[in-house]
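By written order: A, B, C and D. Residues from 1 in each chain.
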Amino acid sequence: MEKAFYLDALRLMLNSRNFEEKTEELFKAGLIHGTTHLANGQEACQAGLCLALSDKDWIVPTHRCHGFTVCKGSDPTAMFSEMFGSSHGLAKGLGGSMHMPDKEVCNLGSSAVVGSGVPLAAGIAFYFKRNKINNISVAIFGDGATSRGSVHETMNLASIWKLPVLFFCENNLYGMSASSSDMISIKKISDRAASYSMPGVTVDGNNVLEVYEACKKAVQYIKEGKGPYFIEALTYRTKGHSKSDRRLYRSAEEEAFWEKKDPIKNFENYLLEEGLFTEEEIEEEEERSKTGINLMAEKALSMASDCLTEEETMALVYAGEEK
Amino acid sequence: MEKAFYLDALRLMLNSRNFEEKTEELFKAGLIHGTTHLANGQEACQAGLCLALSDKDWIVPTHRCHGFTVCKGSDPTAMFSEMFGSSHGLAKGLGGSMHMPDKEVCNLGSSAVVGSGVPLAAGIAFYFKRNKINNISVAIFGDGATSRGSVHETMNLASIWKLPVLFFCENNLYGMSASSSDMISIKKISDRAASYSMPGVTVDGNNVLEVYEACKKAVQYIKEGKGPYFIEALTYRTKGHSKSDRRLYRSAEEEAFWEKKDPIKNFENYLLEEGLFTEEEIEEEEERSKTGINLMAEKALSMASDCLTEEETMALVYAGEEK
Amino acid sequence: MTTREAIRKAMADSMREDKNVVLLGEDVGVYGGCFKVTEGLVKEFPDQVINTPVSEEGFTGLAVGAAMMGLRPIVEIMYADFFTLIFDPIVNHAAKVHFMSGGAFNCPIVVRLPEGSGTGHGAQHTQSPEALFMNSNGLKMVAPSCPSDAYHLLRAAIKDNNPVLFFEHKLLYGNEGEISEEELPIGKAKVIREGSDLTIVSYSHAVKTAIRTAETLDEQGIDSTVIDLCTLKPLDTETIFKSVRKTGRVVIIQDPAAFGGIASEVCSMIVTDKETFSSLKASPVICGGKNSPVPFSKDLETRVIPSVDECVKSALKLF
Amino acid sequence: MTTREAIRKAMADSMREDKNVVLLGEDVGVYGGCFKVTEGLVKEFPDQVINTPVSEEGFTGLAVGAAMMGLRPIVEIMYADFFTLIFDPIVNHAAKVHFMSGGAFNCPIVVRLPEGSGTGHGAQHTQSPEALFMNSNGLKMVAPSCPSDAYHLLRAAIKDNNPVLFFEHKLLYGNEGEISEEELPIGKAKVIREGSDLTIVSYSHAVKTAIRTAETLDEQGIDSTVIDLCTLKPLDTETIFKSVRKTGRVVIIQDPAAFGGIASEVCSMIVTDKETFSSLKASPVICGGKNSPVPFSKDLETRVIPSVDECVKSALKLF
């Protein structure tokens, strides 16, 4: 692996983290309307997956979408703008925190209906397969979503039609307050892949290199035309489910345990231990990312009042004749 | 096994078969409105399952429901009446061929939406578990239904809540024209049970004793409080999917192959070979069943014009205050 | 040509023109579809006609994703009653993605929904669910009543960049008619006959009832206009208003349950339009289906939809 | 007591009285529900409050089956938007089983659906889907606007032997009010204030708008009756007709999109009633939400529902 790769991985994770930190700050300051779902602690999943994809591979993230959106290459200014509801946002301010589609970087945007993005992702793969385009599509979903029938139906469809889709399950142990051990009828979610005759693996979702390697392998398998693949990445969201969550359903010990497994700190330690980066280099990256994200947030804030008019909005209910 | 048991099994299968034969005849004669789904060839599943159940165990059949309804103990006269749309029918003529609920014999009736009866069956089990009633509920469904998300969601729910429900999958190799090998992402459907941490077995669905034994074991397991159980019964519908099916999707050879595996003939041969019944006894049973069913059809036909009035019908849209 | 054939031809012509048009559904291949609408298509278009498992939510969602990439899927839901399973991909996704993406994505999907009672299939196989989609924004809905309209509206639906629900009444499949040269765009109602005393508005199978009602009223010297809505969303209020302003009397006929139906929206459009309201000489009348599930019993099933007799009686009260 | 507390109390009182009343939903236990409506309930009723996986179709279907056996389940759908996932168990099953079984089975299930815009949750978390169930037979629907009605209607819904959809507007959770001694049965509208010049009909969150509209009109010397529908299906047409016959003018206000909404049905009921129609002095007016998905942007979101200003302006045009 070249140093550039490690640098990429570090930068993506830092940007993702800093995006969430800034978002939380803006929310607390009352500058953003609505709610948000922060993905702090899950950066290795986001970066590991996106690094394994080509620019032309598509993703369909979840409600907890910021990190994937950053890592797939969207402009954080446009992301902040979206949360400010301004017309400079990825969805012109009509989407909000859970809807950040970005055609340019091959991100279909999320469904805010848990598990409903999964068939859409298979649809992208269906399109590729029909048109003999050798790209893949990634259905991203959480442990909670595995209880949705749509996920089952889609995995069956993807399997019988050998669609180029990667099922990427972020198992962060909870769906809101519901622990996956209470809600899921099997210990290892990836074991369900057998029902769909596809490979299924479970990886340490807090280890960016492990996620990357697993995804790389999956992408290769899929691009060889062998059909879908299932990856379960074990991770943890260190913040609450959304703005209002008091986290009564989990223990301080558990949180502390996972705090120690912070994907960024651990990766930084690895880089240091392996002598790939110096402390100064890492600090510099941390600083650069933070400053960058803050600047972009400020820029977005400065344009926050640019808003679609009612007429422009109503004109977007139906698509016109030609694209 | 006592002779009475074999006699029961034989009678149930013969009644089921004769019910379908008579139904087909009545349809061809234009005496029944709508369509129907005949289950000829699947009698061992129906009888094998129902013999293993107690009177207080409930079933939720499918659109192909006549055989199960006969075997669970409903009055064929009321079944024919239902198909004639008369007020003497199991649903007073409001249901039709696919809807033959019968509270008296613990049959909830079918959903005509493939796979949608499965969560209802789990609901019965949920009721039993909550009220500490040691009965079971059986969700009956076909191979085609396994592609429905509702089935996945229900199996997960039944597993995590350890509900006393038997998932009974009649794999007759086709869902209409769709062969299960094309539509299902795994060779053996029962292998999917592992995803829900429940036992899963595949049995010869044309062998009434094998079905019975498997169900008996399943019922015992469930009544011990161990949770749900999955049985796949391999069988074949010898008729078309419904009235209008020309069966273009399957070969004459295949049909001939399964004709030889006729569950009734094979059971009769077994009874003869084992010396349990004489030829005369069997012929007598065949005769008795046929005559009985024909008489009931005639009786139902004689009352066929007794129909609910419009007022009575409209009064059934909403339930009243007290049951 | 029958309506069945017209629908088939619209699909064939579209698939021939554009490889991105694909048909997905249960038994649409060799079986020819439950109502034989797709018979033979798989032969000419083996790559464009795709049999699916019984996974309505899954394959409709898949079609939505594919449509967002540029495919133009036609989804056949075997019986419209299974609309219950596609609400999420259609209402929460297809209908909203253009808007929610700030216009970045389109979702050109057509869903064909064979609907209607009269076939003895019971309450879960005889629904006409169009009204249950009415209040969802971002969708279009059409419901043709003759082969020509079926052909042109399906062609238009496939070309449309928005999700279109195409309601086809099972009892109309066998109806014969010529395919007109003239296209029928989405959003246009058709004036089937012009009269000066009464406006009868209807759509789909009930158009038959409307025409027979008009014919019966002829005998009484009442001269009716009959309007076939053709498109249910968006409604062609202009055509309706124009006629009602002329006749001052309106009867709206529909097969599905009266409460909360398309007819109620048409009626409310008419009376909330000031000018049209002022032109009314009598209260509008809705002749709709009974507010009950569809009974199986043949006799009861027949009477669940409004009869010509009922419609004529209601119309006569306006004079 | 807030509406949130009133709903909680109705559930608690019902669960205390009857062990067959159970609450199923995501995060309804320790988490207290997404909107804290169920907070604390699991402590008093550990066996009756059940956390579910994200399987709306599955657990609602399960509740339907259990209800047919005699349980009285309350199902909480976290956001009404996920109504798309329960259409099949509710519309194809719960609503029809009594009828389809010739009366043998009942399905006493209540589905609680937190709805409405104004919270900045985007188009898939802000819908008010009541109109999308209107045309389905066998269901009842209620949508209270104050704590007392919420309490009594939920109590009544739980006791009802039919499936009842209970729409609770998220913006009303914090509203304060006394719980009246008097029960409010399903099927009864409430006259909130009586006036002789105009009838304003509304329900749920829009009742606030209706009241403020009436107050503003007071200043102009226009004296309005305000009717809160409370029950959306079946509609209490008697109360509506009585008032409209008196005032001769009607404005119907609702938050959801105007096209195909509850207001259209109310309007159509009014004008198809001969006597009420004859009493109209002006065309009825509907002030409904915009026919678009709900935009995220705060300013746009606020304007997606009708404002008091708009309603007043529309009302004034009637005089």
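Operating definition for what follows: a residue touches a chain if its C-beta (ideal position, glycine included) is under 8 Å from a C-beta of that chain, and two chains touch if they have at least 3 such contacts.
Bear in mind the structure is a predicted one, so any value in this text is a computation, not a measurement.
*Asks:* Touching subunit C and subunit D alike: which chains?
*Replies:* Chains in contact with subunit C as well as subunit D: A, B.
*Asks:* Starting from the mean Cα coordinates of subunit A and subunit C, work out the distance between those two points in Å.
*Replies:* Between these chains, centre-to-centre, one finds 40 Å.
*Asks:* When the centre of a chain is set as the mean of its C-alpha atoms, what distance in Å lies between subunit B and subunit C?
*Replies:* Centre separation, subunit B to subunit C: 36 Å.
*Asks:* State, to the nearest whole Å, the distance from the C-alpha centre of subunit A to the C-alpha centre of subunit B.
*Replies:* 46
*Asks:* Among the residues of subunit A, pick out those that touch two or more other chains and give their numbers.
*Replies:* 91, 93-95, 99, 111, 113, 147-150, 152-153, 156, 160, 182-184, 316-317
*Asks:* For subunit C, write out the residues touching at least two other chains, lowest number first.
*Replies:* 52-53, 55, 57-58, 81, 84-85, 88, 92, 99-100, 122-124, 137-138, 291-293, 295
*Asks:* What is the shape of the graph in which nodes denote protein chains and edges denote touching chain pairs (line, ring, star, complete, other)?
*Replies:* Drawn as a graph, the chains make a fully connected set, so complete.
*Asks:* Could you pull out which subunit A residues touch subunit C in their complex?
*Replies:* Touch list, subunit A to subunit C: 60, 89-95, 99, 101-103, 108-109, 111, 113, 116, 118-124, 126-127, 130, 137, 149-150, 152-154, 156-157, 160, 316-323.
*Asks:* Going by the contact rule set out above, which residues of subunit D touch subunit C in the complex?
*Replies:* 81, 83-85, 87-88, 91-92, 95-96, 99-100, 122-124, 129, 131-138, 233, 256-257, 259-261, 263-265, 267-269, 271-274, 277-278, 283-286, 291-293, 295
*Asks:* For a test of understanding, state which residues of subunit C touch subunit B in their complex under the given definition.
*Replies:* Listed in rising order, the residues of subunit C that touch subunit B are 26-27, 29-31, 34, 51-55, 57-58, 81-82, 84-85, 119-125, 290-293, 295-301, 303.
*Asks:* Taking the complex as given, what residues does subunit A use to touch subunit B?
*Replies:* 147-153, 155-156, 159-160, 182-186, 191-192, 194-198
*Asks:* For a test of understanding, state which residues of subunit C touch subunit A in their complex under the given definition.
*Replies:* Listed in rising order, the residues of subunit C that touch subunit A are 22, 47, 52-53, 55, 57-71, 88-89, 92-93, 97-108, 137-138, 140, 161-162.
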